[in-house]
Amino acid sequence: MEIDRLDGRTPNQLRPLACTHNVLNRAHGSASWCQGDTKVLAAVYGPKAGTKKNENPEKACIEVIWKPKTGQSGKTEREYEMILKRTLQSICILTLNPNTTTSVIIQVVNDDGALLPCAINAACAALVDAGIPLKHLAVAICCCLAESGYVILDPSKLEEQKMKAFVYLVFPNSVLSNLPEGQLTVQGEPMEHGIITSVTQGAMPVDDYLHCLERGRAATAKMSAFLRKSLQPKLPID
Amino acid sequence: MGLPDSSGGLLSELDVDAFRRLFPLRFYESHLAKSTRPDGRPLDKARDTSSALGAVASADGSALVKIGSTTMLAAIKMEVMTPSQESPDEGCIAIEFHMPPICSPIVRPGRPAEAAPVVSKQLSDTILSSGMINLKELSLISGKAAWMVYLDIYCLDADGALFDAALLSAVAAFSHLQIPVVSMNDEGKVVVMSEENEGGKEPVNKEKRKLTLCSIPFSLTCILYKNYILADPTAEEESIMETLVTVVLDSSGQLVSLYKPGGSVLAYTSAIQDCVALTRQRVRELQTILDEATAGMEVD
Amino acid sequence: MAGATPTTYSPSPTTRKTKSLIFRNDDVDWVRTDGRDFHQCRPAFFKIGAVNAAAGSAYAEFGNTKVIVSVFGPRESKKAMLYSDIGRLNCNVSYTTFATPVRGQGSDHKEFSSMLHKALEGAIILETFPKTTVDVFALVLESGGSDLPVVISCASLALADAGIMMYDLVASVSVSCLGKNLVIDPVLEEESYQDGSLMLTCMPSRYEVTQLTITGEWSTPKLNEGMQICLDACAKLATIMRECLKGPDSALEE
Amino acid sequence: MGNDTELVTPGEKLGRASEFKAGRGAYVSPDNLTVYASLTGLRHIVSPPPDSPDQRPIVEVTGHKAHGAIPEPGSIVIARVTKVMARMASADIMCLGTKSVRENFTGIIRLQDIRATEIDKVDMHKSFHPGDIVRAIVLSLGDARAYFLSTAKNELGVISAQSAAGVPMVAISWTEMQCPITGQIEHRKVAKVGG
């Protein structure tokens, strides 16, 4: 049985993606990322040396500051900051700039569902724009589960509220490589199938979660192609 | 001879605890290779867990929970509120997780632990989305008065797996909760019935002294390190091998949360399934521990 | 769930019972709510080593008053501190939100923090840990009256458990003045009706007072009586504390 | 001399000052009359060294976990270098002697305290790198921020370091360490092992 989506999308269809980088002059790197009406701005400052607090002689340090659209930061923002920080730490090559701090500032412009995945995508694009050394990119997606176990991707705010559960997933982007295929698998699965981050809300059968994983992976392949394309240097005619 | 030795010779002079401090990963790897952990546990075994109900006399429900040396004290205080217009027949639950300076050398007064608000949020999300508590049971007088449940969880000793211990203490405190019998006084305020102020008033919640807890959530946190999975990590293990996965299952086997906030190790489907299987096993252990604690209370 | 929390109130009766109902000023024969004699303390229970994450710790339970104290250090002093040839003591006392009959904010208790500092400072041999700081953090789990004296005694046990060198243990007891009577180790209710209070902290085996706090109006003979009662009670309390340190929980090496 | 079965706690009398000298875990009261315990532990009496002019036996309190050790002048420490600047390096003290400390203490090694000889030729960046494990001696309590450390002895200096490739290097001379994988040689103030 199918569920009609309010905006007429098919279950697997993502909202239109838009990514612009270098949108801020004073930041070392920045990007804005839109998925439909959800829009997030990310700015990166750093790596800066000598901000004593969290410095580590062996690793670069990343700090994330989450600015909500309106009002004060609360527990939700603290949690998002922590998830984002740990997600970004896992894709950055931290050993290259020890004793430094890189700040990532997230400004929510508009929230129409899948906010955290959208922010992760924005932060990732901004890190590339700032030239921070990365192991690979991260691609984030939201899967929503209906009562019947039906999965829809990239929900709007209204869909998020109506559904019984949702899952935020972050995967590495698919790797373009000249190596034979076999080199890039881990435990029989391609590297890009490994989960960097998973956050869920609402109870669901375990099998439905595994189903979300499959659908999420399929969708992130498309998104990583988009991300790669949008990060390529623009031709002057653009 | 004049030339310095290789570093191996020098390090062998160190005490075990000094070596552990200086080269924590090498120390752990030598244990993991033997499928064991420094505290003697197999990789998939959780620490000894205990739960005692009714630890706080001034609260309406309370529990003291220990997982290894991680200790949590949870207490519930019931207050009265006017329900919102959108849901006139529902009460509310406010959950706060505290890390006072006594619990860990990294927490200082006036400089709260970074983890505390995150665990608070995680607990609220888990408890509210698990459907364990029907908020309608917290209604007193439709549209007029409902219970506001303040659940405060204090970490008294922090040694890893804070969320798991906090969730268990929260669940235990709810199972110990005894709702006070109240009545409406002349000023329209809800007050506790006692011998002195009864005054012939009818109690408004005679039958609702206990909450019905359905599908109780239980959790297990695991560390992913290389191909190893370590259940119920200590604080030291969490700080050395930083990829954590927390799985929450309810008593009927539904997945309430699968939480993996980043970390350098990627989780593949097989690892996820292993963590879920370990959690299934742990849910049964925790259910038994909780049942024993409640049974112990009924005997008294 | 809406972002803002609605205003709530506790259904427990907050209006105080009239004082005369419990303590009749001129009646010498009233009975304390827990049936104790005026000069009898609540049974004291101590346990050391309650918090593994700390260098030393202790738990104390006097009736419904329950506190935990953790000691950290000696460790590096905060960066902003000036150099010091002797060690520093840093104290903090806070309450849980459910410690009091009506849910509180669970905030720091600044006044108790500084009083705890003053009560302990004189008993610690600060010269043995130059430049570094010993942190003493207390959490009142449940407030049942005489909170500060219980915190102080418990803190001195935690310091002993941490192996911090001290001239002596520190024991503390308070008395409330209710009309003509002095009642020792008052519970919350008695404290709320007291006309005056006296808290004495001492090093029992050296018979030295480290802190004396008096509120309300006291005649000299009353004051002497109050101090003597406290000194006697402190000596007894110290015996219980020493037994705890020598008990099976003590951290003696094999 | 035996008598080590009696358990004492801080403030308990150990004996008269005229008969005993206060040892570890004990102190003499200000009036010079009584020896008291300052720690929990076993009362223990030891004979004074035969050449000591004071022939009173020493009473001490032993067996209790004393508080965590703190650095004092003359202690040998093991520290991890955190930052290398032109004139000094800062390091976290992680072990005192062969025992680990619960929480780190900050130390600094100044340029003039790295080597005993040819002090003017020492280059900070050719001596230490962030992340190196060094053995050092505490020179003094230092200033408000850090203990002053020295590596100006043969047996002091870097005892473990990682190469740029991320593997532990092997010492090949007093001033050089080599990466076993890449063969690259890096400069350090290397500590001599054994004796």
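Think of it as A, B, C and D in the order they're written, each chain with its own count starting at 1.
FYI, a contact is a pair of C-beta atoms (placed from the backbone, for glycine too) under 8 Å apart; a residue touches a chain by one contact, two chains touch by 3 or more.
Given the structure is predicted, the values throughout are model-derived calculations rather than measurements.
Asks: Name the chain with the Cα centroid closest to the overall protein Cα centroid.
Replies: B
Asks: Looking at B-C and B-D, which one has the bigger number of contacting C-beta pairs?
Replies: B-C
Asks: Return the chain whose centre of C-alpha atoms lies at maximal distance from the corresponding centre of chain D.
Replies: A
Asks: Using mean CA coordinates as chain centres, what's the chain B-chain C distance in Å?
Replies: One centre to the other, that is 29 Å.
Asks: Counting only Cα atoms for the centres, state how far chain B is from chain D in Å.
Replies: It comes to 40 Å between the two C-alpha centres.
Asks: Distance from the CA centroid of chain C to that of chain D, rounded to the nearest Å?
Replies: 37
Asks: Where the CA atoms of chain A average out and where those of chain D average out, how many Å apart are those spots?
Replies: 48
Asks: Considering chain B alone, which of its residues make contact with at least two other chains?
Replies: If we look for residues of chain B contacting two or more partner chains, we find 105.
Asks: Give the residues of chain D touching no fewer than two other chains, as numbers and ranges.
Replies: Within chain D, the residues that touch at least two other chains are 80, 102-103.
Asks: Residue numbers in chain A touching 2 or more other chains?
Replies: 74
Asks: Would you identify the shape of the chain contact graph, picking one of line, ring, star, complete or other?
Replies: If you draw each chain as a dot and join those that touch, the picture is no line, ring, star or complete graph.
Asks: Who touches whom among the chains?
Replies: A-B, A-D, B-C, B-D, C-D
Asks: Would you mind writing out the residues of chain C in touch with chain B in their complex?
Replies: Those in contact with chain B are residues 1-2, 5-13, 50-54, 57, 64, 68-70, 72, 75, 92, 94, 96-101, 103, 106, 108, 135, 137-139, 141-143.
Asks: Using the touch definition from the top, list the residues of chain A that touch chain B in their complex.
Replies: For this pair, the touching residues of chain A are 74-76, 78-79, 82-83, 85-90, 165, 167, 170, 172, 186-187, 189, 191, 193-206, 208-210, 213.
Asks: Where on chain D is chain A touching in the complex?
Replies: Its residues touching chain A are 80-83, 130-131, 166.
Asks: Spell out the part of chain D that touches chain B in their complex, as residue ranges.
Replies: 78, 80, 94-95, 98-103, 133, 159-160, 168-174, 190-194
Asks: Contact residues on chain B for chain D in the complex?
Replies: Checking each residue of chain B against chain D gives 2-7, 9-11, 13-15, 17-18, 20-23, 105.
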